[in-house]
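Presented sequentially are two complexes of chain A, the first with chain B as partner and the second with chain C.
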Partner chain A sequence: MTSVPKDGIAVPQAEAVSAQRPLHARLTTRHLIITGTTIVALLIPLAAPGFMIFPLTEVMVYGLAILGLNLLTGFNGQFSLGHSAFYGIGAYTAAIMMHNYDISYFWTLPAAGAVCFAVGFLFGLPALRLQNLYLALATFALATAMPQILKFHLLEEWTGGVQGLPILQPDPPPFLPITTDQWLYYLTLGVILLMFAAAANLVRSRAGRAIMAIRDNPIAAAAMGINTSLYKTITFGVSALYTGVAGALSALVVGFVAPDSFTIFLSISLLVGLVIGGVGSIAGCLFGGLFVLYLPNIANSISTGLSGAIYGFILLLVIFATPSGASGFVRFARDGFSAPALDRARFLSVWFGISTYGVITLLIVKGAGLGKSSPLIFWITYTMIILGITGWQTIMAVKRLSDMRRSRWWGILLFVPPLNMLLLIALFCAKTRSHDTLTAI
Partner chain B sequence: MELLQQQVMAGLANGAIYACMALAVVMIYQAIDHLNFAQGEMAMFSTFIAWQLMAWGLPYWIAFALAVVMSFAAGVVIDRVLFRPVQKAPILSQIVAFIALFSILNSSAGQIWDYTIKSFPTPFGHTPLFGGTLIDTHEAGMIGVTLVMLALLYVFFRGTRLGLAMRAAAANPESARLVGIRVGWMTALGWGMAAAIGAVAGMLIAPVVFLEPNMMLGVLLYGFAGAVLGGLTSPAGAVAGGFAVGIIENLAGTFIPYFGRELKLTFALIMIVVVLMFRPSGLFGRRVVSRV
Partner chain C sequence: MKQLTRRSVLAGTGALAVTVPLLSPRVARAKNYGPGVTDSEIKLGNTGPYSGPASSYSAVPKSQVAYWKMVNDDGGINGRKINFLSYDDGYTPPKTVEMVRKLVEEDQVLLVASPLGTPTNSAIWQYMNQKKVPQLFVATGATKWDDPKGHPWTIGWQPNYQSEGRIYATYILKEKPTGKIGVLYQNDDFGKDYLKGVKDGLGEKASMVIVEASYETTDPTVDSQVVDMKAKGVDVFVNCAIPKFAAQAIRKTAEIGWTPLHILSSIGNSVGATLKPAGFENAKDIVSDFYLKDPSDPKWTDDAGFKTWVAFMDKYLPDADKSDAGYVAGSSLAAMTAQVLKQCGDELTRENVMTQAASLHDVTVPMLLPGITANTSPTDFAPVKQVQMAKFDGQRWNLFGELLKGAIG
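The block that comes next holds the complex of A and B.
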C-alpha cells in the first residue's frame, strides 16, 4: 500500500494506480473494515437490548453533525463555533414542517438540508473576509444568537418560543416487525451511510482537491485558478447542510425541539468530537460522536460532583496521548509498524495511545449498560477488547525487541504484570539499532 | 439626549467589566498567539481563592495581593504542566485542551465552594458617584484600575528589557531564540501575567456579578468580543473594544424598537461582525502581512 522512502515518510501510491486494476485487486483493508462495520451496525438493533438503541442512534446523529464541521474545518480550514446554529435550524425546520404543516417526516430531511445549505452559503459570504479568530468570533455570534432568535416573541407562532415544539415520532412501516426506536436507528443508519459515502466521494473529487488546496495554501490555490471565494462559500453551505440534516434527524430521534438544546455548548461538543475523532478524517467523525455522547455519562458515573473535572481530565489525557485525534493516531501507529526501526519516542506514544483508547473503550462499553441486561455478551466484548489492546501492544513490543536485536521471546514477559513494567522501561530506554538490510534501502 | 447619555454611562460601567477581561485575553494572545478558553475560569478560581483567604480573616488588600501572586504562579505551572506537552500539537487540539481545563476548573470550584451565590467585598464602596444614579464608586474604581493596569502594561512592554524580550519571543520565536531569549520562559511569564491580570479582573467583577463558579461565562464571551473588536495585538485597543461592547450592547437594547430588549446580545454581536468585515484585524489591530 505504501512505500517507505529513505527518510521514513510513507507515501501513498496505490490510489493513482488502482483505477486500472480489476475489482478484486482494488478491494483493500479499508473496504473490508467498512463492510464489516456496516454489517455489525445492521445487526446491533436486533441483538442489543432496547435501551441501547436510542443512544447509538444519537451517536450516529452526532457523527453526521461532526462530519459537517469536519468538511468545513478539517478539509477547508475555516474555523467554526457556529454549527450548533445550523444543527438547530435543521431541527426546527423538521419540527415546524411536521408540527405546523403535517408534512411527512421523510421530506423534512431534504428540506432541512436545503434550508441549511442556503443559510450556510449566505453566512459564508461575510465569513470570506474573516480569518482564524475573527471567523471564530463571527460564527460564535451566530451560535449565541440562535437560541435567542428561536425564543423571540414574534416568531413564537412557528417556533413555540421557550417551550419548543413536540414532534410525533415516525412509526415504522407496517410490513416491518420492529419498534419505533429500531426504525429510527435504521433510518439514521441509512442516511449516514449515504452522506458519509457522498462526503468521501466529494473530498476525493476535483472539487475536494480544490477545497483542500485552499486549506493548505489559499494563495497558491488562487494562483492555480481555483475560485477560492466560490469554493469557500459552497463548502460553508455543504457543511451546514450536513449538520442541518443531522439536526433534523436529532429532532426525529428525540421527538422534541427546544431553543436551549442548541447553545454554544453544542458547538463546543462538536468541536471536541472533531478533534478527538481526527481533523480531516471521515471515519473519525463517528468515533468523535461516540466520545461526545458517552464520555459525559462515564464521567458522571465515576463521580457526580466532580463529573466536569473527570471529563476534563479524560479529555486532557486523550489530547496528550493522541494530539492529532484517533485517525491521526491510527496513521501514526501504522507508520510505526512499517518504519525501518521503531524509535523510542514513537514506541512510547503508540503504547500510551493504545492504552488510553483501550481504557476509554472499556469505559464506554461499561457505560452503555450492556453488563446488566446481557452479562455474557458484555464479558465477551470486554475480553475481546482487552485481548485486542494487549495483542497490539505485544506486537509493538516484539517489533521493538527485534529492532533492538533482542530475542522476540522477551515479549512473553509482557504477560507477567511486575516484569511487564520492567520490560516496558527497558524497551523505552534502550537505543534502537536498525536492521542492516532495512537501512540499506 | 439625556437617555442617550444615561445609557452610554451605564454601558461604560458594563464595559469596564469586559475591558478588564479583554486585557487578560490580549495578554495571553501576545504570549501564545491564540485564545485561552479557560481564561475566565482561571479568573473565577483566583477570585474564589481571594474569597477563601478573606473568609479565614485576612484583610482585603493582603488577600488581593496573595491571590494575584498565587495566580501568577498557577499560570506559570499551567504553562509548564499543561500547555508545554501540547505546544507542538495542532491548534484545534490545544483549544480542546483549554476546554478540558475549563471543565476541570469549573467543576472543582463547584465541588470545593459549591454553587451558591456569594457576595464579594469591594474596596471602593457602592455609593453613587457625583450624586447621580448612573455610575457608582465601585464602577468608577474598576474603570480606574483597568486604566492603571493598561498604563503599567504599556510601560512594561515599551520600557523594559523583559517586555521587549517578551514581544520578541511572541513575534518571532526563532529569531528571538537566536539572540539569546529563553522563549519557553517568556511564554510561561505571559501565562503568569495573564493569570494575574485575570485575577485582578475577577476580583473587580465579582462584586457586580456575584461570586459563583459560572460567573465568568458571559463576561469572558464579552471580553473575547471586546478584545477581538479592538484588535488582539493592542492592549489599549482591547480596553477600548471592551468599553465599546458594553456601550453598543446597552444602546442596542434601548434604541432598537421591537427587537432590542430580547435580542440585544445578538445585535451587539452582529454589529461587531459588521465592524470586523470592514476592518478585519480589529479597530486598532495591526494588519498581519504574511510572506508567501
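The block that comes next holds the complex of A and C.
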C-alpha cells in the first residue's frame, strides 16, 4: 500500500495512464479487515481498564506462539509437542538478561528470537530423521525435560531454580502518557504486526512454497530440487524463533517466570489453539490465542467443579461445528455465499458454526468483565454482537428461501420465537430448486 | 459495489466483535470502607487449582467456599455477608496473575485470601505489594512469606517448612546426637526449604547430614534413594516427601529391613494418603509433626473443635472425603480470615486488614491442635509457629511432648 498513486483516492476514475489500478480496486476484503482490526486494536487500550488490557496482551502473545507452531505444523507438516520448551527458553532468555545482567527489555526480544532459532535449528537436525508421530514423541521429550532443566541446580544461579525470576516490568517511554499495561500492549501489538506480516510474506514467497511443497509431498519436493533437509531445519528454527519471541513477551507481560509455567500443558494448549484457529492459517492464530486464553475462564465461570469437563465439551462442540478451524470456517461460509445456491448441508453447518462462535463471543465478552465496569457500553457491545449474529442468520435464511423459490418475506418468521424453529427445520429440509446466482439482498 | 457493501458489513462485524469500549470513571468510596465493602457485603478474592496438575489440592479452596457459605448462613460478619470469589488458576503462574488482576481491578475485592501454591503466589507477590492489596494467609509453607519489611501486604499462615526442618533437627539432636542423617526431599521450593531448615537447626553439627537425596515429582519411585541411604549407614531418615513418595519410601524401608529413626514431614503425614498405602505395620514408630488435628484420628471424636468441623463438613460438603487434610486446612484458613475481618469492625480498609492481621494474639481456630495459637506482630508475619510431635503406633498418630517452636531468626 506504500506505492499508492497520489490521485488514487481523490480521483477514482484516474487518467487511466497509471499501470497500477486505483486504490479502491486493489483493496480487498482482507485489507479492509486487517486495517479495521488494527485500528480497533490500537484504540482498545485507550478505553479499556488495565485488567482487560492484560489478557488481551496475552491473547496476542499466545497468538504469536501459535503462529510459530503453525509455521512448523500447518505449513511444513512437522508435528511438535515441544513448543512449550521454546516458549520457556524465550521467556527465560528475557528474564535472565533483565534480572541478572540489567539489559534493557528491548534487546531481550531479538536475543530470545536468536537463541530460540539456534536451539530450534539444532533440534531440527536430529528431528530430520523422525517423521510424524516419532517427531511428536521427540518434541514431547523436550517439553517434559524443560521444567526440570530450568530447576537444575547447576543452572540455578541464572534461572533462580524452582523459585523462578521476578522481572521489573518496563516503564513506558517518558514522552508517552500511558501506563505500563498500555505500553506492553502496544509493544506486543507492534511486534505481532511485524511478525505476522513477515510470516505472511514468508509463506507467499518462493521459500514458503518450498516449505508447503515439502508438507504436501516430500518426495516430489525433493525431485523438484528443493533441499528438504535444509528447509525443514530452517522451518524448525523459524518456528522456534516465533515461539521464543512470544515467550520473551510473556515474561515481560506477566513479570515473572517459573519453570512450572512451561509444562507440556502449555504445548497442548498451543496445539489446541492451532487447531481451533485453523491449521495453515495466519490470521487464525490470533483466534486460537483468544480461545486458549478465554476458554478456561468461560468453563470455570459455568461451573468451577466441572471446568475440565465443560472445557472438553466446548472444545468438542467447536471442532464439530467447524472441523477446519476458524479460518477454514470463514472460507467455507464465504464459498457458501458465492456458490450458485446455498445447499442444505452447507446451510446447516454454517448456521451451526455462526451460532457456536456467536455464543462463545458473547461468553467471552461477558467474562471479560465489561458488565461490571461500564454496563452501558457492555450492553451496546452485547447487542451489537447479537445483531451481528442474527443479521448473518437472516441473510442466510433469506438466501436459502430464494434458493427454495419461496417468498423472502418468510424470513420474518425468524423473529417469532416458536415459529422460527419450524422455519429452520423447513429451511434445512426443503429441496434446493434454484441454481441461479442469487444474492440475497 | 455489491461485493464491497457485504465486505464492509463483514469488516464492521469483525471490528465490533473485538471492540472493548470505554470505561466510566469509578465512584469514590465511603470513608471507612476499602474497595469491595458496603454496609451489607464484603467481597473477597481467592485463586486455587481446580484444574491442572495440582488439582488434588482443590479441597483447600473448595472448603473455603463452603466455609463462607456457612458464615453467611449464620448472619455474616458484623452484619455483612461475605461474597467470596474463587477462581481457577490451574496452578499456572500466568493464569494466577490474570485472575488476581481481575479480582483486584475488576471485581474490586477487599483482599485476596489464601491463594494456593508457591509459584502462583510468587507470581503475584510483587503486584499485590505494589497495589497495596492484602495477600492474606497464603496457602503455602514457603519461608519467604514472612517478610513484613519488604512485602508488608503479604502474610503467611502455616508453620513454614524451614522451621519444621529446625524442629526435626532439635528432635534429632535430643534423640540421636551421634546419628547419621539422610534427607529425602523434593527438588523444589518446599523440599529445599526443609533441607535448609534441618541443616540450620543442626548448626555446627550440620555434617551429621551425610546423604541428601532429591527426587522429582515426575520420578516413578524413590526406591533407589532409600536403598542408597541404608547402604551408606544412615540411621536417621528424614522423609520430606509428598504422600505418594513418602509412602513408597516407608514401604521400601520395611522391605529392605532397615530400621532408622524415621521422621516424616507434615507434608506427607496423612494417614489416608500416605500411611494406608504404605501399610500400617510398615509405618510403626515413625515420628512426625502436626499443627492441625488429624481428621481420621478417633481421639478427637469428643473434641469440641472437631465436632464443629464435622458438623460444618456434614452440612456444607456432605460428599467430601473427611480424611483429606485439604478440607481441614481450607476451613482453618477461612476461619482465620473471618477472625481478621471480625477484628476490623467497621473499619474495613485494606490498611486496617493488614494492621489486624499483624496483631493476632493467641487466636485459635477449631482444627488447630489444642494449645497452638496464631500470633503475629508488625515484625512477625508467620502466624502459626508451633507444632507438636507425634509417633505412629500402627493405628494412629499419638501426640507426645510439648508444643515446639522452630523460629526463624
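What we mean here is this: the second predicted complex is superposed on the first by the 410 of 441 C-alpha atoms of A that agree within 3 Å, B and C clash if a C-alpha of one lies under 4 Å from a C-alpha of the other, contacts with A are read in each partner's own complex, and residues count from 1 in each chain.
Operating definition for what follows: a contact is a pair of C-beta atoms (placed from the backbone, for glycine too) under 8 Å apart; a residue touches a chain by one contact, two chains touch by 3 or more.
In this text the structure is predicted, and so the values were computed from the model without any measurement.
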A:32 in the overlay: touching chain B, chain C, both, or neither? Say first, second, both or neither.
second
I'd like to know which partner A:198 touches here: chain B for first, chain C for second, both or neither.
neither
Have a look at where A:425 lands relative to chain B and chain C in the superposition and call it first, second, both or neither.
neither
Of the two partner chains, chain B (first) and chain C (second), which one does A:149 touch, if any: first, second, both, or neither?
first
If you stack the two complexes on chain A, which partner ends up touching A:386: first (chain B), second (chain C), both, or neither?
neither
A:377 contacts which: chain B (first), chain C (second), both, neither?
second
Could you figure out whether chain B or chain C reaches more residues of chain A?
C
In the superposed arrangement, which partner chain does A:416 touch: chain B (first), chain C (second), both, or neither?
neither
Applying the document's definition of touch, where does A:325 land relative to chain B and chain C: first, second, both, or neither?
first
Should A:42 be classified as contacting the first partner (chain B), the second (chain C), both, or neither?
neither
Shared chain A contacts, counted only where both chain B and chain C touch the same residue:
144, 148, 151, 153, 305, 307-308, 311
Note which residues of chain C are touching chain A in the complex, please.
2, 7-24, 50-53, 62, 86-88, 90-95, 97-98, 101-102, 104-107, 118-119, 122-123, 125-127, 187-189, 192, 216, 218
Residue set of chain A touching chain C in the complex reads 29, 32-33, 36-37, 39-41, 44, 47-52, 54-56, 58, 144, 148, 151, 153, 161-164, 166, 250, 254-256, 258-261, 263, 265, 293, 296, 300, 304-305, 307-308, 311, 361, 368-370, 372-374, 376-377, 380-381, 384-385, 388, 391-392, 439
Applying the document's contact rule, which stretches of chain A touch chain B when the two form their complex?
73, 79, 126, 129-134, 136-138, 140-141, 144-145, 148-149, 151-154, 219, 268, 271-272, 274-276, 279, 305-313, 315-316, 319-320, 323-325
Mind pulling up the chain B residues that touch chain A in the complex?
34-35, 82, 85-86, 88-90, 92-93, 95-97, 99-104, 106-108, 110-111, 221, 224-225, 228, 232, 258-259, 262-263, 265-266, 269-270, 272-273, 276-277, 280-282, 292
